[in-house]
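Look for chain A in each of the two complexes below; its partner is chain B in the first and chain C in the second.
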Partner chain A sequence: MEKIRKNKKIILGFLLPAFIIYTCFEVLPVIMSIYFSFNDWSGIQAVPLEYVGLRNYIKIFSSPVFLKSLQNVLIYVVISVALQVPIGFALGLIIHHFDHGQRFFKAAFFIPMILSVSAVSLLWNFIYFPTEKGILNSFLIKIGLSDLTQQWLVNPKTSLMALIIVSTWTSVGYYMIICMAGLSTISDSIFEAGALDGVAGIKKVWYIYIPLLWDPIKMSVIMVITGVLKIFDTVYILTPSGGTNNSTIVPSLLMYNESFRYSHYGIGSAIATVIFIMSALVSVFSLKIMNKKESIEY
Partner chain B sequence: MKLRKQILTTLLAIAMIANLTGCSSTSPEVSTDTASVTEGSATVTTGASTNSASTGEKVKISFMSRDSGDTPIAKVYEEQIAAFMEENPNIEVQNDSIYEEAAYNNKLKVAISTGETPSIFYYPAIAGLKEWAKNGVIMDLTDALASDPEWADSFLDGALDTYKLDAYGVNGIYALPNEINVDVVFYNKALFKQAGITKTPDTMDELYEDIDKLNTVGITPFGVGGTNTWIMGHIFNNILAKRIAAEGITELGTGNKKWTDTDVVECLRLTKNLKEKGAFADGFEGMDYNTQMNQFLTGEVCMISHSSPIISEMFNSDSQILDDIGLFPFPSFEDKSEYKDTRVIYTSGWMLSGTMSEAEKDATLKLVKYMTTPESIQARMDAAWRVSPYKNINAAANAPQLLKDMIAYTNTITKSVGEYFDYDTCSTLVDTSRNGILNMMLGESPEDTAAAIQADIDENRP
Partner chain C sequence: MKVKGRKKKSIKSIIAFLLFLAFAVINVYPLVFSIFCSLKGNLEIFSSFTALPKHFLYENYITAWKVGNIGKYFLNTIILAAGTLFVSGFFGAMAAYILARFTFKFKTGIYLYFITGLMIPIQAVLIPLSYIFGKTGMTNNYYMLIMLYSAFCFPMTVLIMTGFMNNIPTELEEAMIIDGATIRQVFLKMILKLSLPGMISISVFNFIQVWNNLLFPLIFISDKTKGTISMGLLAFFGEYSTNYSASMAGICLTTIPVIIIYVLFQDKIENGLMSGAVKG
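Presenting the complex of A and B:
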């Protein structure tokens, strides 16, 4: 075994297929996408690419719709991080302490994650239905808050938040599982030592759980950020036109429209590149902030 | 240790982001999708086919429509393709049809961008075909039709003109009209009676009166699923047809007329007025097409503006009101009586690849002629009640009266026009205008809506 480990050729042989697949299907498309973003192309093979320099970028950054989509997705990211990770980890911590029914609750909270986005969207369409027949509106009427009834997905003031809630509902189960996986690696002796020192309640969360779960938390935050920056399906199904006055438009939806509906492949690629750069910047920035609080190893 | 962890976490984050951009990229996806296309439609390869013709091997062609799955029309297509292959053992037809619109468009665009254009395909555009026609992606059918006068004569008079692109600077006929979706207002006769309405409205003023009568007895006049923006778009299109007619719509598409012109803004205002007159249910802007249809088929709303293919959908449901459904043409305006006979018809056509070898071209023309024989068209009419632009096609004796009425009405049409964006080369117009109309229903002024649409056209029209 040791001999095999030292044989670099064998190691490279095992790594090569994965490296080739990753390069062909991940790295090259990114590079090609950046290349296409400096060109204009109508999507017809016989028509050659036309180099246009930064024109596609100038066009998208002078488009109020694109700027609105950036604003929307950043709001989406901030609120999603603030909701999905804390709720997911809180659920994980609570359920971890259940003596009975742990499996049931794990499954119950994880099920939305494995449902198709179409099914989830259909369900939330019933909840957000714009008349008094909608589940949410009818609930508000029943508890005497009929003034709060809304066309949730149509009203520009509520539509983005309505989508964020759908994403949160879908995703918290995933972060709950990550939290529980993290918790299973923590030795009981740490809690026993903490108990002897009188650490309990919120102090236990702050001084034991959060530091020990810091790496899973960091990873979860990055996953939320990268996941939300590419959010497309939920938005496309629930508000296919990008919402009233573009209230729910996001860059991925714009990119899809520009590329596949309008055959503006250069502009679509420029939007993809901006999403890539934005994701890199936001992720690195977030990691930098989170790395200031170092994780603890015992 | 700390540094290693930081590097690892950063690398992992970058990998996730790369995954995102990789998935998001456009042309690079071509490389992956090409593989799947190659398995299907892209079995059409020029070299291979030329060779196959000379060696007696099968010529492979592909057919791509939006009719797939277990729908009646999809089954008929499958049967007709199978029968064609049986009669022509040297031709293999790959049916690559996809029902879901976005998936269909994605596959078609990828196929065209890689030079693997399906032999026969459907695409909802007229002016939008200009670039494909200009660059040889689709075939000019003028010669094929001229060489077979009997075939050319089987189409309804003027139907082939739909796909003449001369007005856009490309000479020729670039698609064969396959179906015509005639727009009408379907209504519930029982609800009309309940509201005391004794005849269907001929003019918009009469329609407004009927809307009042329906509202008085608590019946919602029109069902509209606003989130599917094409529904309000179709209502607007009917108003446009009745006020500026085919000539005005063509001028709008070719840029000789602007959306900010008074008569176009007036059409937007009249569309908005329908809401103010109480034509639609509260909250219709947030409802979808399924809700609209459910409301109509359960007798909750009285009317829907829709086209002929909806008849088979309605009769495939277990609705209790089917016998009460009637239809009438979209009403006209008294001050524009000269356009009262202009009807909205959405034509869907078959485009043929312009990049095929001679052997593939011959096989494809053979297939398309086979699919447009009176027998084939009648079979599709009988099975799926699709109205086609061909002569001497009638509803089967056991077809519902509504379909017979629709065909009888279709035969009376002398002036027709399609969807306004079909006449415009601006690819973004469909979304900008439909979203604009929905926003207008939610509060924007017709003037601002028109200005926003015109600005988009000025920015994006090639």
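Presenting the complex of A and C:
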């Protein structure tokens, strides 16, 4: 057996298929993308790449649209973390305490998560429909708040928030499930001990649940951040050009438009590289945080 | 003590329960509303988005199915997903088996090499790949797309499956080897079977990735008849942007099967998606 476990033929034979596919289709393209970002290419196959040094990076970092896209994605990240994690965990805590209907409630909040992003975004397109017939607008008129009706996706003041709401609607169910999975690992004796000590209400959430669920909470925050940094689908479908005055432009959409609409492949690659570096930094940083075991033993 | 507390709280908790129920219903309302709209005429939609349909117009579904080619897109997506699940699942499990059980130089290095892929966003590979695919005429090629999707499924698959296989007792393998089985037989007949729960979870996770992916088909599929569901829905919506009821029917045609599958396999799907939560 020990001999077999060191047999190089077996090791290579089993390992190579995955290794080759992964290297050719994921790792090498990333390296090429970084190389592309130091070149200019018009998208025409016959025209060769032209080396331009750091020019693409200088261009994007002095471009107000790119800086705006960074600002938007930062706002997107901060608000998404502030909405998705607390709402998701609150839902999880509430549903966990119900004796009946747990499956129904879980389904009600989780289903948006598994629907295709296109379907979800097109659906919200109807909710944000710009005329007074739109669902949101007609609802506002019905309850007597007709002053608040908006062209939600057109108005630069509301468009980014409108997109964040769509992302939140789709994702809270996921954090709810993570919360419930975390809760199922906590033994009841802790809560009974807490009840004897008279801990209840908000105090119970603050002193018992949050410390006990600290690991899933940290993990959820990291997942929201890495997910939102590369957000594309929702933004692309609801505001294909990045909104009025670039109010909803995000780096991924800008990269897509620059490369596949305007054939500025060098600029596109530079933006792609920036997105990659941001995701990588967050991942490495988060690995460090997760590996620090600070959770309290009970 | 517990019983007394319950009685006291009962009315309060019923009210809380009802409020929460209302909130849950509001949350699924957009889905209900899409079904209503898909059964209405265009004029009826615009007279009021929110009312119940007066007559059920099933024609919208027929339009979406025929003109929107939803059936074809569905099939295409299923083919791509099935191919990806097979390639990433089978080869991923093979690699995971080696990483979990064998000893060789650079083992940790290779494991980390796979895991590093988790931090690579798909945006980072689009431009070079479209360059290469364009140059070699591989656009619209499903084999290449399956390889591409699989490449992005490997990191999570290797991570989950290596963890899973580490927990399979080694004695079973040793017994099979002593009985004269080859390592290939051990892998196919025992390891894969015992890893089935993990394989199901990771397959659900990978399936959702393929199902939801919009960027890959948008860039690597130019032939309309080869489009995926997310892309097809967008195209249909673009062409029929004035026919709202048919668009809604198109949306429903893609969401309803997913909802039915979810209701049938709720626990498996939730667990599968949870496997994504171990990353970080």
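Here is the rule we use: the second predicted complex is superposed on the first by the 247 of 298 C-alpha atoms of A that agree within 3 Å, B and C clash if a C-alpha of one lies under 4 Å from a C-alpha of the other, contacts with A are read in each partner's own complex, and residues count from 1 in each chain.
Everything that follows uses one rule, which is that a contact is a pair of C-beta atoms (placed from the backbone, for glycine too) under 8 Å apart; a residue touches a chain by one contact, two chains touch by 3 or more.
On a predicted model such as this, the values are computed, not experimentally measured, just so you know.
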item	value
Chain B versus chain C as contact partner of A:Ala46, first or second or both or neither	first
Chain B versus chain C as contact partner of A:Phe276, first or second or both or neither	both
First (chain B), second (chain C), both or neither touched by A:Tyr262	first
First (chain B), second (chain C), both or neither touched by A:Ile177	second
Contacts of A:Ala18 with chain B and chain C, given as first, second, both or neither	second
Partner chain(s) touched by A:Lys230 [first = chain B, second = chain C, both, neither]	both
Which of chain B and chain C A:Leu115 touches, first, second, both or neither	second
Chain A: partner with more touched residues, chain B or chain C	C
First (chain B), second (chain C), both or neither touched by A:Ser252	both
Intersection of the chain A residues that touch chain B with those that touch chain C	24-30, 32-33, 36, 41, 45, 129, 218-219, 222-223, 226, 229-230, 252, 255, 259-260, 265, 268-269, 272-273, 275-276, 279-280, 283-284, 287
Contact set on chain C toward chain A in their complex	17, 20-21, 24-25, 27-28, 30-31, 33-34, 37, 46, 48-50, 87, 91-92, 94-95, 97-99, 101-104, 110, 113-114, 117-132, 134-135, 147-148, 150-152, 154-155, 158, 173-174, 177, 183, 187, 208, 211-212, 214-215, 219, 229-231, 233-234, 237, 244, 247-248, 251, 254-255, 258-259, 262-263, 266, 269-270, 273-274, 276-277, 279-280
Residues of chain A that touch chain B when the two form their complex	24-30, 32-33, 36, 41-47, 125, 128-131, 151-154, 215, 218-219, 222-223, 226, 229-230, 239-242, 244-245, 252, 255, 257, 259-265, 268-269, 271-273, 275-276, 279-280, 283-284, 287, 291, 294-295
Partner chain A, residues of chain B touching it in the complex	2, 5-6, 9-10, 12-29, 31-32, 102, 105-106, 109, 112-115, 131-132, 135-137, 226-229, 281-283, 285-288, 291, 427-428, 430-431, 434-435, 438-439, 442, 444, 460
Sites on chain A touched by chain C in the complex	1, 4-8, 10-11, 14-15, 17-19, 21-22, 24-30, 32-33, 36, 41, 45, 94, 98, 101, 103-119, 122-124, 126-127, 129, 133-135, 138-139, 169, 174, 177-178, 181, 216, 218-220, 222-223, 226, 229-230, 232-233, 236-237, 252, 255-256, 259-260, 265, 268-269, 272-273, 275-276, 279-280, 282-284, 286-287, 290
